[in-house]
Every structure is written in structure tokens, then in C-alpha cells.
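Have a look at these structures, which come just after this line.
Paired with subunit B in one complex and with subunit C in the other, subunit A is shared by the two complexes that follow.
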Partner chain A sequence: MLFAELVVQGVVQGAIYALIALGLTLVYGLLRILHVAHAALFTLGGYVGVLVTNHTGSLTLALGAAMLGVGVLGMVVYRLAYRPLLERPPFVALIASIGLFIAAEEVYRIVFGSFGLSFVSPPLQQQVDIGGGILLSQARIAVVAMAVGFLALLAWLSGHTRTGVAWRATVTDPKMAESCGIDIEKVRYLNFFIGSALAAAAGVMVALLNNLVEPTMGAVPSYKALAIIVLGGLGSVRGTLLAALALGVIESFGTVYAGHLLDRDALAFAFLIAVLMLRPQGLLRGA
Partner chain B sequence: MHTFSRSALAAAAIALATGPFAVAGAQSIKIGFNVPLTGFAAADGNSALKGAELAVDQVNAAGGVNGRPLELVVYDDQASPKEAAPLAVKMITQDGIVAGISGSYSGSTRAASTIFQENATPYISAYAVHPDITRSGDYVFRTSFMGEVQGRAGAKLIGEMMGKRRVAMITLNNDFGKSLAAGFREAAPRFGIEIVSEYDYGIRDREFGPIVSKVKADAPQAIYASGYFFTAGPLVSQLRAAGVDVPVIGQEGYDGQKFIEIAGPAAEGVVITTSLDRDSSDPQARAFIDGFQKKAGYPADMVGASTHTAVLVMAQALKQAGPADKAKLRDAIAATTVDAATGRISFNALGEVKKDVEVQVVRDGNWHHYARISDPLLLAPPEK
Partner chain C sequence: MAYEIIIATTMAIAVLFALSLNVITGFCGQISLGHAAFYGIGAYTGALLTKAGLPLIAALAPAALSAGAIGFVVGLASLRVRHDFLAITTMGVSFLFVGVVRKQDVLGGEIGISGIPAAEFGRPGLLALAVGCAVVFALLALHIRRSWMGFAFESIADDEDTARILGIDVPRFKLWAFVIGTAGAGVAGALYAHNVRYIGPDSFGFVESVTVLAMVIVGGIGSVWGVVLAAAVLSVLPLWFQVIDDYKLLMYGALLFLAMRFMPDGVAGQVARWWAASRRGR
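For the complex of A and B:
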């Protein structure tokens, strides 16, 4: 009983990780950039979600605004921060990304205040019995549903549309894709839009679960999402999904049964190290 | 407005800048103040600064320290030891401070306290809890409870005053949570408490699903959970959301309006040990609570009350000893007894505060009086 409940809690956490890490793995797959500032976009999603919900009373509207706004901002980040650095070694872009992330945290603090924001009346807090006496709030169920929905949509898009084919071709061999007439710049912008929009969705959902958005909300995702994409096999979407869920479940049991030895973050990295020793290429090989 | 001349504007600016100092003119007495104004602890840091500034305003409005105004020399330490240490050196060697106050967390306060001690400059920790801070030496004092002391008070509160026996502990795994847990565990048997389980979490955790599930299965009669408002808010709301409805007992880290805002209706009935009584009729406490609301624009909290108290203690000692001799100032702090918003403050041989513990409860969306624990034996801090 408790076992099932802990698995469910782990899956909820894993779904959040998956939404965040997916954008990161998309960017890495395409540009070989470790996009640390992705976590800042996740935080911004949370802020937009809380502010729009508090003003309009509509969570759907807030989610849409967060995904659209932050998605566009993701494209701006690519245009202003990464594109000028594409010819440089990858660590240059990484440093720019870290700088951007730290700056964003302080900008949020100045603009939105240091105490963080909360929903005036948090939506989706109703308890639902999902069977076996396990109570979950609607928000938790929505997180999982959203992760499954978005990822299924993404999988379908990449497999069944011309844009998806162009995207996969660009990931596999950018030069060849370009010479076949694919506008790889367009693919890159789209990539940043989708990844950032997913991170924003995760930000809104985390805000809902905790009823708190803080300037430093992205601190943990900033490095844990990196661990997840390495774990999943850099650049692999399916691997990322698998790694996110596995990590969520391992943390769930770990915090309860080994929390006095290792905290949640340490557990995540111990798992990462263990996997990399056995499978240096990650759980699934990169796309 | 455009008819104002430049010199009139300048005069207005000067008047504004010096306005709060009723005793402007005399040379100010400088007190160093390290506080986290950016980074993860910025929320507490900003309240801490407001509390300290309020105390300075009040002291200066009442004539300052023997005719001279107090002045805070404020530095942002980001709650980081590597920031706090050089700032302490700069305050002491270059800024001409006579003493320092920490409005920061334990890590940075510990780092700064050794430097203050080496330079024989008095230093008061307003709300950092680590036991080693006052052990830096005889120039270092603390106006808030050590974690162990407050943990013992928590055990008395749960075991004796609330009559709960089976307790689950949820412990924040930093110095604050660990020292609270140590004090609680030590005193628990004395009050008939059986600790049925204990879980640790990290300061960055906001998602407690697994721990909540396990606590629910443990079926305790009460939960002793350490943390700050930004961890306790999500924790309490997730506990209640999962149908865990036994009393949750916290500490001063919860103490602030933001906890109630985050946890919402789930905050109702949460009881904490702290040092500020919101329903106090004591004029000192009222002046602080009202003054803080006016200055900050939000209700008073524990960190603001703590830095306010620390500044008043310093001002009182400065009145007695004067700013010239730091050894005399240290002796004056050690010997002083001050009535402040957080109660009657005096120090033991180690520089640890001796005072009562206030117990507050959330009712109708606000903190209110629940009880006061006045037990000098139980609450005695270590002497060395």
C-alpha cells in the first residue's frame, strides 16, 4: 500500500523532471549546448502562472500565457545569448548560460520580491481517490497527465510531420540537412520555443503543487535536469523520459528510507554515478 | 513642480537623507550589519534589515546614544561564509565600526564571528542558531535561542502542554533543523514522548509527497517539523492535503505572514515556538509590531523582531559603556538586561540569551498567543 503510494509520488515528481529536462535535451541534441538558463525559464513560467491566475482567475489562461510567453522568450535567449556564440567552443555558451541563470534569479527577486508569490486561491486542490485509498490532489494528477500528453504530442509531431522530419534530420546531421534545403535556423527557433514552453508548463505545475514561486525555484532543476539528460543518454528524448521517471521514483523511496544518510540531491547523483559506471552512454543512447 | 530650483531640490534631498536622525549633527556611532539581501535567504534578510533599521530609527528619535545617532553599516553577505568573512574584515578595519550585528544565517555568522573575536570587537548574532557561534569567544553574543533550547521547549509543548505522546519528526538537514532535533530528542523522554519516526529533508525541497505518505502510514499523534516558512508552507499544505490532520508543531523558522499565505487554510492550528508574541500588550512589543508593519508594509516576523532586539541591546550597552573602549562595551553587553520586543534579554557566561519561549498558533489567518514557556532550567543554554 505504502509501496504503491511512494511509486505514485515518485511518478509525479518524475513527470515534473521530464517536462523540465525535455527542453534541455532538445537543445543539447541540436546545438550541443548545456542550457543551464533553461531553469530560469521554468521559474518564469511559475511566476507568469501565479500572476495571470491571480488576476484573471483562470488557470488555463495562465498556462497558455506562460507557455506562449516563455516559449517566445526561449527563442529570444537563443537569438541573443547562444547564436552569437555558436562558432565558439561549447564551454563559452555554457558560461553565458550560467551567467544568464544567475542574473535571471536576481531580476526575479527585484521585480517580483524576495518572499516569492503564492496563489490567492490555489486551483486544482481537490482530493481524488485514484484507487486503493491513495489520495492525490487534482494538481498532481494534472502534472502526470500533462507530461504524458505533451510528450505523446511531441513524439507524434517528430514522427508524422514535415517539421518533425526536418528536426530529426537537423539533429542527426545539420550540414546534410541544410544542403537538403532544410532551414536549420527555423528548426532551432522551434526547438527553443517547444523546450521553453514545456519548462514553463512545469513551472506552473510546480507553483500549483507548492503554492510558492521563489526567485531561486530553478536552482535544483538547473543541475538536476543536467543529471537527468546525462542519465538518459545525452540528446535522447526517450532516455530522458525514462531517466526522469526513474529518478523520481528513486528519490521517493530514498527520501523516506535513506533520507538521514543522503539527501534527495545526493541520492540523485549517487544514482547517476552508479548508472554511468555500468552504462557510460546513459540509459539509452543519444539520438 | 518645475519651479523648484536645483538648490531647493538639493536641500530637500539633504533634509530627506538626514530626516530620520533626530540627533543629526553629532558624529554617528557606526554598527556593522551583515545580512543576506540577495540569494536564497534574501526574504529573511530584507525583514532582518527592516527590523534593525526600525530599532535605529527608534533609538535616534529618542535622542540616540548619549546624544550621538546610531548608524548601520550594511553589507549583503548572501548568507555565505565566503562573503561574510571579508566583509567582517572590511567593517572592522576600514569602516570604523564599534561593534557588529549579524542579521544573517549560521554559516555566514560563524565565519564573521571568528573575525570579530580576533579583532576584539563585540558581535551579536540576532537569529543564527549554530552552537559554535558564541564559542568563537567572549566578544560574541546571541539574542535568539539556540536550536537545542528551542527543541527542548518543543518537547515540553507537545508532551506536557498538548499531551501528545507518539510524535513523528520531519527534520530540515541543516544546522538549524539538526540542532532543534537534537534538543527535542534529548528532552522527549522527560515529557513521555515516543518518537515513532524521523525523516530528513534538504533546504531546497518543496515537494514532500513521499515523506507525507510515510508519515500518514506511521499514524503519529503529532508532528514535530523543523523548517523555514518556504519549506514549512508547502510541507504543511501537503500534509493536510493528504488527510493528515494531527497537530503540526514548528519553530521560529515558520514565524511570518508568508507561511500562512503559502499554506492557506492548512496553516490553521499550526503551533510554533518562537520569540515574538503578536497579542502582547507590552509597550515595547507593540511599538515594534506596529512600527514594523508601517515600515515594511507587511506584518512583523521573527527575524525582524530578532535584529530589532539585537540593535536595542547594543544601543543599551553603548549608552552604559560608550563607544570608545571595545572591552568595556563587551562587558556592558554581558551585564545588560534589556526589555525588548522579544522579551527580557540577558546573557549567560557564554553570551547565550536567557529568556522565555513564546508559543504562537495560527487562528483566522494570523499568528496569535497560545502559551508562554517560562522554565529557566529547561531553557538554560550551555555555559561553555
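For the complex of A and C:
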């Protein structure tokens, strides 16, 4: 029974990782930038979610507002922070991104206070029996459902629309795509919008699961999401999903069986290093 | 006066720490996001040895050796993964170090090690030792850059595959860069432990790794004097910002971002550009 419960927990955690890491892998696939400040957008999504829900009482509205607002902000970050640095060596953008992330965390702390915010009346807290006597809150089920829904939508978009084709062409070969008449600037903006909106959705969901948003809630997901996209083979969407789920499950087992040796975060990175030494190109490369 | 001595010691240690990373990242082009782990290994080794009764001066060599030995192992990893993959692997090393230390009672676990004995020659002596170590390492770095090894490092940083074709033994030089750099960080760590006299897992986390990398990059990657300057200034900057305590991390983050946005080659690169421009102007 413990086994099934750990798997379920791992899948829920993995779904959250997947939503965060997907935006990151989209950015990496297109621009070869490790976008640490992505986690700042994730945190902001959580704040917008809690604030809007508390003011209007509607979680759906809050989710929409968070995704839209943060998505637009993501495009602003690209325009002001990354676009001028595209021609530079990658570590320049990496350090700029880390600086941005530190500054953003501090802004949240100063604006929203260091103790964090909670829902006045947290929605979706009822426990549901999903079979086999495993109880799961509605919020957890919603997380998995949302992750699956968004990913399916994204897969359909990239496979069946002109925009999706343009996006894939740009990832494969930006110069060739440009000479075929694709406006790659537009693709990049869209990319940041979608990635940031997904991170915001993840932020709202994490806020819901913990009933708390804090200025520092992005710190651990930020680095772990980097580990996930590397594990997945940098820039590969399928690999990222696989790695996110694997890490979620491994963490939930690891904290139970190896918790006395390593803490949760170290466990994730031990797994990462082990995989990279065996397969330096990540779990899945390309795609 | 005591306070000024502690600050000056902090600066000297930061300079040594940043210079050690500069050998790996600046000279040899191997990006490392986990350098604080080696700082930590040196600090723990040094602290345990002096608590066992050894004088600090005798504990420096073991600190360098232990950090360098683990650095050798991580260097082996750099032979397997490159660029962004290496950055993330070294980031993993940073988290792994903290994770392991947290769970070991010998190392003080979450609580850390307190009551580290004072350096046997007093505060001014510790300052002199730290400055001495930093100067020696800076001279070593300058010497390396002029030597054949420096040339090999530069060619690896520039284009690893071409370096290999030219017959440079890439793995050997990469390992040397890691061993020299991490051993330097180990010495810096041991000095740090005796400057602060308390160490805990949180003093050597990812944030510290990023901070030292920021010193190298803001100073101008690969430049010795640029890195010395940036490390000295950035290490005491949070103290100057103490006046605006609540905003000091905000300032730090913003500064890091703005430096990269408007001065991506660092201080050294910027000065070189001004210098070239003024000569052209004449």
C-alpha cells in the first residue's frame, strides 16, 4: 500500500515539476539560455493566484489572470534581459538571469512581506478516494489533470497548427527557418509567453497544495527544474516530461528509504549526476 | 580596529577564493557552479584538524589536499560532460555536498561546527596569512598564464576539439585546472573557518557558488587583476549596504544583472575597451 501511495505522491510532484520545467526547456531549446529567473515567474504566478482568489473568490479567474499576466511579463523579460545578450557567451545570460532571480525574490519579500500569503478559504481541499483506499485531495487531482491537459494542448498545437510548425522549424534550425520566411522574433515571444504562463499555472497549483506562497518558494524548483531539463537532454520536450516524472517518483521513494543519508534536494542531484555520467547527453537527446 | 581586521581578512579570503575559481573557469573555460563545495571541504577539514589540536598553519595543507582530491574527481566528470551539462553537474555537486554534510553527525549536521579555535598567531596574524596566501596564489596564476600550461588552458577554453587536434593533452590539463583551483578553494575555506570560527552547511551552498562565480565574471573572466578587484569589492559590498539592510540583496541581484546587461566582459574587458578607444583617439 505504501508503494502505491509513494508512486501517486511522486506523480503529483512530477506533474508540478513538468509544468515548471517545460517552460525552461522551451527557452533552452530556442535560445540556449539557462533561464534561472523562470522560477521568479513561477513564484509570481503563486502570488497572483492567491491575491485574485482572495479578492474575487474564483480560482478559475485567478488561474487565468496569473497565466495571462505572468505570460506577458515573460515576454518583457525576454525583451529587456535576454535579447540584448543573445550574441554573448551563454554564461553571461546565466549570471544575468541569476541576478534577476535574486532581485525578484527580494522584490516579492519587500512588496508582499516575508511571511508569505495564504488563501482565506482554500478551494479544492476535499479528500477523494481514488481507489485502493488511497485518499487524495481534489487539489492534487487537479494538478495532475491540469498538467496532462496543458501538455496535450501544447503537443496538439506544435503538431497541428502553422504556429506550431514555425516553432519546431525555429528550434531545429533558426537560420533556415528565417530564410523560409518565419518571423523568429515572433516565435521567441510566443515561446516566452507559453513557458511563463505554464510556470504561473504551476505556481498557482503549488500555492494551492501548500496553502502558502513565500518569496523563496521558487528557489528549490528553479534549480531542480534545471536538473530536470538537463536530465531530459536539454531542449527535448519528451525527455523533460520523462525526467520530471522520474524525479518526482524517485524523490518520494528516496526520502522514505534514503532520507537518513541525504536530504531531498541532494537526492535529486545525486540521481542527476549518476545519469549524466552514464549518459552525458541526457535521457533523450534531440526530438 | 578588530572589526576592520576581520573585514580585511574577509576580503583577502574572497580574493583567494575567486582567484581559485578563475583558474578553472577563467583560464581553462570550464564553468563551475559548485565551487563553494570545495571551499566547504577545506573549511571542514581545517576546522576538524585545529579542533583536534593541530595549529592552523599545519592544517592548511590537508585542507588543500582534501579539496584538491575531490576536485580531481569532479574534474574527471568534466571529461565526460561539457558546457551547460558541466554547469549543471557542478551545481549538483554543490547541492550534494550540503546534503551530505547535513546528515553527518561527525560534521555537526544541521547545527554545524562551533567553537573553532582562534588562529595561534591572533587576528592580525590571520590577516597577514590570508593576504600572503592570496598574493602567492595571484603570482601562481600569473605564472601559469605565462607558462605552457596557461597556453594549453587558453586553447582548451577557446576550442577544445581544435586543442585536441593540435596534440594538447586535453584531459590532463583539465584535471590540472580542477586540482589547482579546488586546492586553492580548500585553503580559502580553512582560512574562512578560522576567521568566522563557526561553520555550518548553509555557509557553502549554491548561493555562495554563484557569488564567487559572479566575482569572476564581473571582474572579467580570466583576468587576474580584474578578479582581484571584483572579489575585494563584492565581498564587502553587502557590509556597505548594511545601512540599507532591507534592500541589500535586492541591490546585489540588480547589480549582478546590470553588470552583465551593460558590461558583459566584466571590469577588465571594459577597461581594455576604453584603453583601446583612447589610444585610437590619439
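The rule is simple: the second predicted complex is superposed on the first by the 286 of 287 C-alpha atoms of A that agree within 3 Å, B and C clash if a C-alpha of one lies under 4 Å from a C-alpha of the other, contacts with A are read in each partner's own complex, and residues count from 1 in each chain.
By our rule, a contact is a pair of C-beta atoms (placed from the backbone, for glycine too) under 8 Å apart; a residue touches a chain by one contact, two chains touch by 3 or more.
The structure displayed is predicted, hence computed values, not measured ones.
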First (subunit B), second (subunit C), both or neither touched by A:A96: second
First, second, both or neither for A:E106, with subunit B first and subunit C second: both
First, second, both or neither for A:V275, with subunit B first and subunit C second: neither
Partner chain(s) touched by A:M146 [first = subunit B, second = subunit C, both, neither]: neither
Which of subunit B and subunit C A:Q13 touches, first, second, both or neither: first
Which superposed partner A:Q127 touches (first subunit B, second subunit C, both, neither): first
Partner chain in contact with A:L209 - subunit B first, subunit C second, else both or neither: first
Subunit B versus subunit C as contact partner of A:D263, first or second or both or neither: both
Residues on subunit A lying within both footprints (that of subunit B and that of subunit C): 106, 260, 263, 265
Contact footprint of subunit C on subunit A as seen in their complex: 28, 32, 34, 81, 84-85, 88, 90-96, 98-107, 110, 223, 226-227, 230, 234, 260-263, 265-270, 272-273, 276-277, 280, 282
Residues on subunit A engaged by subunit B in the complex (per definition of touch): 1-2, 5-6, 9-10, 12-13, 16, 106, 109, 114-116, 118, 121-122, 125, 127, 135, 137, 140, 206, 209-212, 214-217, 219-220, 251-253, 255-256, 259-260, 263-265
Contacting residues of subunit C [partner subunit A, same complex]: 31, 77, 80-85, 87-89, 91-93, 95-96, 98-100, 102-103, 206, 210, 213-214, 217, 221, 246-247, 249-250, 252-261, 264
Complex interface listing, subunit B residues touching subunit A: 38-40, 42-43, 45-46, 173, 198-202, 204-207, 209-211, 213-214, 217, 230, 233-234, 237-238, 241-243, 258, 261-264
